[in-house]
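Got some structures for you, see below.
Look for subunit A in each of the two complexes below; its partner is subunit B in the first and subunit C in the second.
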Partner chain A sequence: MENSSILKVKDLVVHYETDDGCVNAVNGLTFDVGVKKTLGLVGETGAGKTTSALSILNLIPGPAGKIKQGEILLDGHDILKMNQSELEKMRGNDVAMIFQDPMTALNPVMTVGEQIAQVFELHQKASKREAFAEAKKMLKMVGIAESRANDYPHQFSGGMRQRVVIAIALACNPKLLLADEPTTALDVTIQAQVLELMSNLIHDRSMSMILITHDLGVVAEICDDVAVMYAGRIVEIGSAGEVFNETAHPYTEGLFNSLPNLKQQGEELVPIKGMMPDPSNLPSGCAFHPRCPYATENCAKEQPGLRHVGGNHFVACDAYNDAAFTLGGGVN
Partner chain B sequence: MVNAKSRSMGQETFRRLLKNKGAVCGMVFLVLLVLISIAAGFVYNYDTDIIAINMSQALQPPNANHWFGTDALGRDIFARMLYGARYSLIIGVGSVAIGLVIGVTLGAIAGFYGGFVDQMIMRTVDVFYSIPNIMIAVVIVSLLGTSTMNLLIALCFTCATSFTRIARASVMTIRDQEFVEAAYEIGLPTWKIILKHILPNCLSPIIVQVTLLIGTTIIAASSLSFLGIGVPLPAPEWGAMLSEGRQHIRDAAYMCIIPGLAIMFTVLALNLLGDGLRDALDPKMKR
Partner chain C sequence: MTKTLLEVQNLTKYFSTPAGQLHAVDGVSFAIEKGKTLGIVGESGCGKSTTGRAILKLIQPTSGNIIFDGRDITDYNRNQMRPLRREMQMIFQDPFSSLDPRQSIFKLISEPLVEHKMFKTKSEVEKRTLELMETVGLAKRLVNSYPHELDGGRRQRIGVARALALNPRLIVCDEPVSALDVSIQAQILNLLKSLQKELGLTYIFITHDLSVVKYFADDIGVMYLGQMVEKASSVDIFAEPLHPYTKALLSAVPVPVVGQERRKRQLIRGEITSPVNLPDECRFCSRCDESQEAVCRAGNPPLREVKAGHFVACARLN
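So, the complex of A and B:
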């Protein structure tokens, strides 16, 4: 397990220091991504998912954003200690990213062929002509006719553009792919196509992936492991089966309860009460305690650490100090 | 496979430009002007046809031999007009081109990096902006001496300031777009991102400004020549010819009217083209 991970994030802390105070976006994040594994990073808007992904590329938007502490080891090399040219070599070559909105992630005045080709020119020192030929192959691989390499992004539909974005990301066979809500901006049928394409390509090329999403259905479909984030911390992490079938954290339970369920048709959904806390003013102790149906006095005092609850399954909740604790009792 | 959809932005813009009658007129006029100014160099000899004094022919009104008449020194105004087009064009295009390079570079740096660099560049630009164009040019020309080259340098300051502002504003809006972030994520260095991804997206307002500024600069160059600190005499610069005609405005008004009309039509043509380009490059005008 130790040797087979491509990415290790240890105790990562990222803050945005704004004029209105310090925004604690990521507070002590620790996780591993195994070789050829797909990790689903799940959480609400503002949980720090995108910030975590950007820190893996060391691209936290400055000057406000700062990585305060932590280690990000990619294949054993600490990304946070790399200099600018090492970073530029790493980006796109070892780690690539797919964006949420394909409408804005492509340059409107460059043909899609050129946009894919520039990755080859940059990382493989290919000539213009070779790079363009490679770009055409990539287009074919993601299911777009080669003849469209000379078209501009506005001539493609949303799903097609996301395919182009995927082609750019996979161009140099990165070891790790960061997919930041890759299907959120697409409609459901296209979502399925794009997800299938992505998981096929990842398997073919033996790549690892971090899939950031708030869609638990997507996670169930293609992820091996799942990490649930809340207020910049991982509250539950484990294999997809463990997290889905033996849900341990009250927040994860809340997420599942707020999804429609085939077995309980007609029943009202149970939302998690309250709002995501303001990241510049997090509650004391466990950040989830004000919304937690099981919260005790102690929850407001101490930040719980990750606790082993079987297999590869870890949860950050004090309730598991009590061996007899099970979920379900506190939900109305 | 060429269908209505797969046209590059350049082709699409040109197609829409052709639908604008004013812009087409302006374009045709400017193309003719460029051709004329090139041809004039072959047809006329500068020393014998353009600046040679011939007092016996002085002050003839337009006739069959001299279509635009002759000036007080007996020089053919038609020849001088054609030959003079190159001064206006060279100064207009030259100073705008230099201003473009300097201005866009400074503007891109200011807009991209922001903060202290931005403040430094933009406050300097503001200083130049607060002084009237002609005043700056007069100062520079009097420091450097009168010559065509110095006039060109004097006028490029104004162009540079205006390009700096436009480039900065456009770069600031493009800088935060997601595709720029995406360019970082594939590992492109910053200078390449500015050059390949940001600036091409800022081109539309810059192209429009180029055409409009060439017109303004031609007027400024003529004004300076009119004041006697532009292109040195006896070169047939239009502004200088206008100035010479001033003394004869009562008995030989054509000496003023002809260069005046030439300046007016050139600037009008450039403005028509600029307006047409602005509409053609505006995606909201797309049909």
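So, the complex of A and C:
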């Protein structure tokens, strides 16, 4: 198992120090991404999903944002110990990111061909002409006619722009792709096209991916493993089958219950009561306990760690504290 | 006794653009009975929001008729519309931009009451405002807060309270939950549903999210490029979608189920065509897997009743 992961995140803590206090965005995050596996990182607004992804690229916006502790091992190398030039090499070559909003991720005054070609010029020291030829190939790969390489982003629709962003991200064949809500801004039929494209490309190129999303449907479509985040921590992690079919954490259960389902009709939805806690003032103990229907006295006192509940399935909930052993040091 | 509250006949709204006429809404007809919910579903640019706005006369339709409670309001001017505003209200998509950031919650919710001179005294306004806050589940202590102090779910509750303030009969909900997280989405959907039961409201529910309307609507109209391509009861649409676009739309929704056999996806090719200067043919045919060249290019098919209560605009289903 040890060698089969591309990325290991261990006990990551990221805080934003603001005038109004310290925002505890990520509070002890531990997970692995297997080679050629897609991990879905699920959670609602403010769960710390995007902050986690940005730390993997060491892109946490300073000076407020600080990685307080933890290790991020990409293929055995600690990203947090890299110097600037090592980081620049790593970004794009080994890890690439797709952002949520294709409308703002592209440069409006450069043609899409130039923007893709830039990657080849920077990372592979290709000449302008070679790079542009490669860029055209990438466009074709994501399903855009080569003849459109000289068009500007505003001449494309949202779905097409996201295809361009994907082409840029995949240009250097990264080992790991971070996709932050890649289809949230798109219509469902276009979303289906883009998801299909992404999963085919990742498969063909033997890449790993972290897919950040709030949409459990999207996770079910393309992820092998799922990690559910709440208030900067993983509360449940396991294979997609385990998390979806043997849901263990009350928060995950709450997420499923609040989804309107295409299969049923008319039934009352069961929302999670209350709201996401303020990350600068998290509740004591388990951060979910004020909203949890099963909470006991102990939940307010102790922060539960991830516990093994079978297979690759781990849950951070006091209700499972009789399980055989706890997750330590990223065994997964 | 059921009675039609709103009837829309052949509604069109064209916008003039330098490139030609933009057909935002092109001959949409439907009727809603009192106390029912009509879901209008479609993707960006299909004309669903324009339809909603035209019904409330927030934009003047190019042609067609809007009949509210037996009165043809299509050509009503501002002054004539004013008393009607009490009866038809709207809930907007984005609770972050639809509320004035400089008004307190009290001001925001009491504004329609004051504007329409619903009460003579201040204390009556105050009483009603607090009552509304309770109805939509906003704590009394928030009465002097400002929108930026609240999260999306609570802001949307203000939007709902504002819409309810004048005791309307019809509320047009334009994507009321799409800006919200799922757990909050469920809270607002449950609220809207229980309000409907209590107050006998009629809703037009505009959304791109099919799973939301299934939960919510009695009838559903699916729109594509300004036209309604399928209209039926919610049960029928989901049990037996007939229009190729509806089928594709349903199959494109990612379902949160793992382990069962993966459904064969019906992906739609290409993207929505430009709504400017449309040719006289089926508007979906260039993306349709089932299209037959001769039949589908021969003209724009009208909405026809294929089964009892199930209307489809597809030339192949004749």
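FYI, the second predicted complex is superposed on the first by the 318 of 332 C-alpha atoms of A that agree within 3 Å, B and C clash if a C-alpha of one lies under 4 Å from a C-alpha of the other, contacts with A are read in each partner's own complex, and residues count from 1 in each chain.
The criterion applied here is as follows: contacts are C-beta pairs under 8 Å (C-beta built on N, C-alpha and C of every residue); 3 or more make two chains touch, one makes a residue touch a chain.
None of the values given here were measured: they were computed from a predicted structure.
When both complexes are superposed on subunit A, subunit B and subunit C fit side by side without a clash. In the superposition on chain A, A:Thr296 makes contact with neither subunit B nor subunit C. In the overlay built on the shared chain, the residue A:Glu88 is in contact with subunit B alone; subunit C does not reach it.
Legend: residue contacts after superposition of the two complexes on their common chain; A:Gln124 is shown touching neither subunit B nor subunit C. Touch criterion met: A:Gly217 reaches subunit C, while subunit B stays clear of it.
Of the two partner chains placed around the shared chain by superposition, neither subunit B nor subunit C is touched by A:Ser284.
Legend: residue contacts after superposition of the two complexes on their common chain; A:Val188 is shown touching subunit C, with no touch to subunit B.
By the document's definition of touching, neither partner reaches A:Thr18: not subunit B, not subunit C. Aligning the two complexes via chain A yields an angle of 80° at the C-alpha centre of subunit A, spanning the centres of subunit B and subunit C, rounded to a multiple of 10. With both structures placed on the common chain, the touch criterion links A:Ser206 to neither subunit B nor subunit C. The partner that reaches more residues of subunit A, of the two candidates subunit B and subunit C, is C. Fitting both structures onto chain A leaves subunit B and subunit C with a minimum C-alpha separation of 7 Å.
Those residues of subunit B lying in contact with subunit A across their complex are 1, 5-6, 8-9, 115, 177-179, 181-189, 196-197, 200-201, 203.
Considering their complex, residues 57, 59, 63, 87-93, 96-97, 99, 101, 104-110, 118-119, 122-123, 147, 150-152, 155, 165, 168, 171 of subunit A touch subunit B. Taken in their complex, subunit A has these residues touching subunit C: 44-45, 157-160, 187-193, 195-196, 214-221, 240-241, 243-245, 254-262, 264-272, 275-276.
Only residues 43-44, 151-153, 181-187, 189-190, 193, 208-212, 214-216, 234-235, 238, 248-259, 265, 267-268, 271 of subunit C touch subunit A when the two sit together in their complex.
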